[in-house]
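Across the two complexes that follow, chain A remains constant while its partner is chain B and subsequently chain C.
Moving on, here comes the complex of A and B:
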């Protein structure tokens, strides 16, 4: 009954045009800036073409930032998925419907918090002398000091724990909802075959949920790119450069330390190219 | 029934769940508690649970101009951006959901791909652009930038919401002589309203929590609340912790107001999948 109507054009075209302008102008301009030598302090500039990019590959701090970003991505994505699947399955197994609802509500709270708030909450909690999270350690060891945020070996994991606190718990809720959508027959069949509880999940339910779980991981990979707020508040990339991810380094090059906007933009462009290529490929794979 | 026998495995599982539930909210609860403490009660080696509460931190926070300006800026920037997202995003989502064309898949991918863009990659050029146009550090600049976020997120979430509206209802309305636009206004919007409100709330939380872009696009006038809160701590530990905790609580309250809306939204998304 749907006759030809002007609706799709009037509804779609303006929105898409605005989205295109809002996204393409900064993207293209980022590339333009990256090919120049703009600085915040000086108004003039000239074209330097690819020398910013050439400089990046000999910049050891940049290479460190790449490595930290990769570590961050791997640690947070894997830990989030492990926590999510673990808690999701546990809720599915042992919690009554009412208790499930209660846990779901609790587990959504952390992800709703602004990252800045979450970062502060845990920065206080990790304080070596007065923090609530380090208190058990002080209690057991009789007052020894443990300062996870200022040790190069633990700082990244301490910040990552906040990310997992926000996303792992939230994804646990989603994993539970996914498990609830499964038809009960295969689970019953496996139970009749005397399969143990963990076997049912490892060989029946989780493989059935492979596609949505991969999509979930994909979402987390994208969200993990937004680590800036946590790191900025909790460690500022420190101690040293132990938690300096790419966006943190780009920010400090462009704004805090030297105002080298073009250099920072070159970094941002590389990040953009890498993420767009990676995620486009992954997305096509997920959809296929 | 076999599965309800008490076994050590089940007990451990329940304990792990209880611990996770505790970890989910306790740090926030503790922060809220600290917001009510005098500094001497916070800076103790053994955490104090019993103390005489004070409202000094909260009244200090609410009395500061920078905080009030931040609150105002956040409210205006997020409110306006969400409004623009609604006006532009919902109709577009409806068109994609109900008038399939050969670009539908590409459009959806394009909208999603905006989420891949690293925020720094958007913020640096925009800062230069806004500086040149003379709008740097103003709310309009922030609103336009945030609109990119809100339009794409609302559109992304509203497409499945509109697809969930039973086609029969819309067809019946066409038979009754409704035009395409009035079907959108009078049928699709009200029927999908619950899910749409979830999508809108989500986009609000997203921009309210946004930090990096606001940090780069403001220097004094247009600072949003997250920026103001983060600056309080930059003054080192000279700022009493109670005040910082109070500002964290203030910043976290608006998103938490949407807790029930968003968890309802989550439920409706998965109920749709089941049927």
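Moving on, here comes the complex of A and C:
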């Protein structure tokens, strides 16, 4: 009995201890800093407790960053899922098995690209004068300039399109593979029940894949929180603050503009709390 | 008018031909069973009727209309699958109602019809449940309800009872028979189980390697098998086959084989002196020999299987294993000498080369 109960402990304790140190120490340190008034420009500090948090809620740039983050999250997650399901179903319906394999290979390539590289590729593609993505506009309008990355109304969507290009296509491959794992009989039964092609997917296959699709959505939601590198390369939060998400704003407050690391930490802590609460609630709702 | 007509139907996957020049007419209200060993093409043929498989050649018509290029939903058929194929995320009610909803039947009428169908099949209590909360038999009943509610011209059953345990299978078989009696819908039923075929069918279509071996009523197929394959496939325990040589003997004939000489009148068969034939006798047709019986098969009982009322005695005769199904009280001891005889009108003779029945029509 003793040996049986000690074995899991032997394996689990060191790993958990390392994990705990790696994850908890920075987190706790961030919380501690958030309660102080440290700045990179001066060595001294004092405890200010919650005044950083109070300041945040009157900071209009912070509130803008919250709104941009929420917009970013919604746009990228929904667009990724729509592209993934749409393309996945399309491949399932029209492509032959051999062609499917080819498309799968093709669609996985973008996500294999490092984010920074993808960001640079598309930054050039969106270049108003030389970019391939803006070329059709120049062609149609006879040389008018269209610069999606420098217009407040389009910048966020232009950056989001790169995210969707990477993840939507990759998820389309996963959706296709999920569809291929489904038993064929319910689909055949639906055909006998006079369901049209789109109805078969809307009422039979996609509901059957509800659980994995929700898991995919969660993965994308978490992934979308890490948009920093993409936005940093493509717009640096600009034009103005049009694409300044919370992590961008925290970074610029902490290290670029003013070196207010305590203020930035307060943002990070708030973000963490908000994320934990939101995801817990969503997870609970999905489980129910 | 025939409900279903297949004329010169072929099915090939690439270079492999699964069904070859198949011709079949199924009458209205008829219960036809496709029977055959695994891989004989029976399920493929059914799926071609359903429209789930393309037809490589020939023509299929249902209710007088050629359906080769019609979608499954437009053929006026309903199908029950071996593994039920229910929609796992929908309630039983929604499963049954799905087809009607697609046809845009008003909700009130859907409710009425679902209730009527579920009453017939005893499913009222389960309408709110999900398929996984039901037993196999109940799930299959839901699948039948889903097929019934569309009031199709033709029911197609693809081995519907194969996933059920023996007891439930008997029960559902009776239910399907009753259902057909009351609905009188033309039914095509695929199975590899000859008991199901014998009990349910008006006519059996016996298939092998994509070719029809024989079509006939269960009694016809059992009593007058058209060839050695049919004779061996139908009937449990299996028919005994004894290779023999025919010789003319006065008015009658003698058959020499399996270490014994049998004499026949032979009037029912096409026989020629010197032919090699296969003699077929069903185990129940072998009776314990009385003193003075002709046509004896004898040997030492080397295996005895007790069946309850009967016992299957297997003995060797001239190097050939022969089985006899005898009443349990006549069952011999193991390794005891046994002697069995048969009446001439019970036997079957097949051509030694082609396997075709030699019986005169």
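Following the convention adopted for this analysis, the second predicted complex is superposed on the first by the 277 of 288 C-alpha atoms of A that agree within 3 Å, B and C clash if a C-alpha of one lies under 4 Å from a C-alpha of the other, contacts with A are read in each partner's own complex, and residues count from 1 in each chain.
The rule is short, and it goes like this: contacts are C-beta pairs under 8 Å (C-beta built on N, C-alpha and C of every residue); 3 or more make two chains touch, one makes a residue touch a chain.
All figures in this text were calculated on a predicted structure; none of them were measured in a lab.
Asker: Output check: A:94 vs chain B and chain C. Expected answer is one of first, second, both, neither. What do you get?
Answerer: first
Asker: Applying the touch criterion given at the start, work out whether A:120 contacts chain B, chain C, both or neither, answering first, second, both or neither.
Answerer: A:120 contacts chain B only, not chain C.
Asker: Could you figure out whether chain B or chain C reaches more residues of chain A?
Answerer: B
Asker: Just chain B (first), just chain C (second), both, or neither: which does A:193 touch?
Answerer: second
Asker: A:250 contacts which: chain B (first), chain C (second), both, neither?
Answerer: A:250 sits against chain B, while chain C stays out of touch.
Asker: Can you give me the overlap between the chain B contact set and the chain C contact set on chain A?
Answerer: On chain A, no residue contacts both chain B in one structure and chain C in the other.
Asker: Which part of chain A faces chain B closely enough to touch in the complex?
Answerer: 1-3, 5-8, 10-12, 14-16, 18-19, 22-23, 25-27, 29-30, 32-33, 38, 87, 90-91, 93-95, 102-110, 112-117, 120-125, 129-130, 132-133, 135, 138, 143, 165, 169, 172-174, 177-178, 180-181, 197, 222, 225-226, 228-229, 232-233, 246-247, 250-251, 254-255, 261, 264-265, 267-269, 271-272, 275-276, 279-280, 283
Asker: Show me the residue ranges of chain C that touch chain A in the complex, using the header's touch definition.
Answerer: Touching chain A: residues 50-52, 71-74, 77-79, 81, 83-90, 98-99, 102-103, 146, 150 of chain C.
Asker: Any idea which chain A residues touch chain C in the complex?
Answerer: 183, 185-186, 188-196, 199, 203-204, 207-208, 210
Asker: Per the contact definition, I'd like the list of chain B residues that touch chain A in the complex.
Answerer: By the definition above, chain B touches chain A via 9-10, 13-14, 16-17, 20-21, 23-25, 27-28, 30-31, 34, 42-47, 88-89, 91-92, 94-96, 99, 101, 107, 109-122, 124-129, 144-145, 147-148, 151-152, 155, 171, 174-175, 179-181, 184, 205, 208-209, 211-212, 215-216, 226, 229-230, 233, 241, 244-245, 248, 251-252, 255-256, 258-259, 262-263, 266-267, 270, 273-274.
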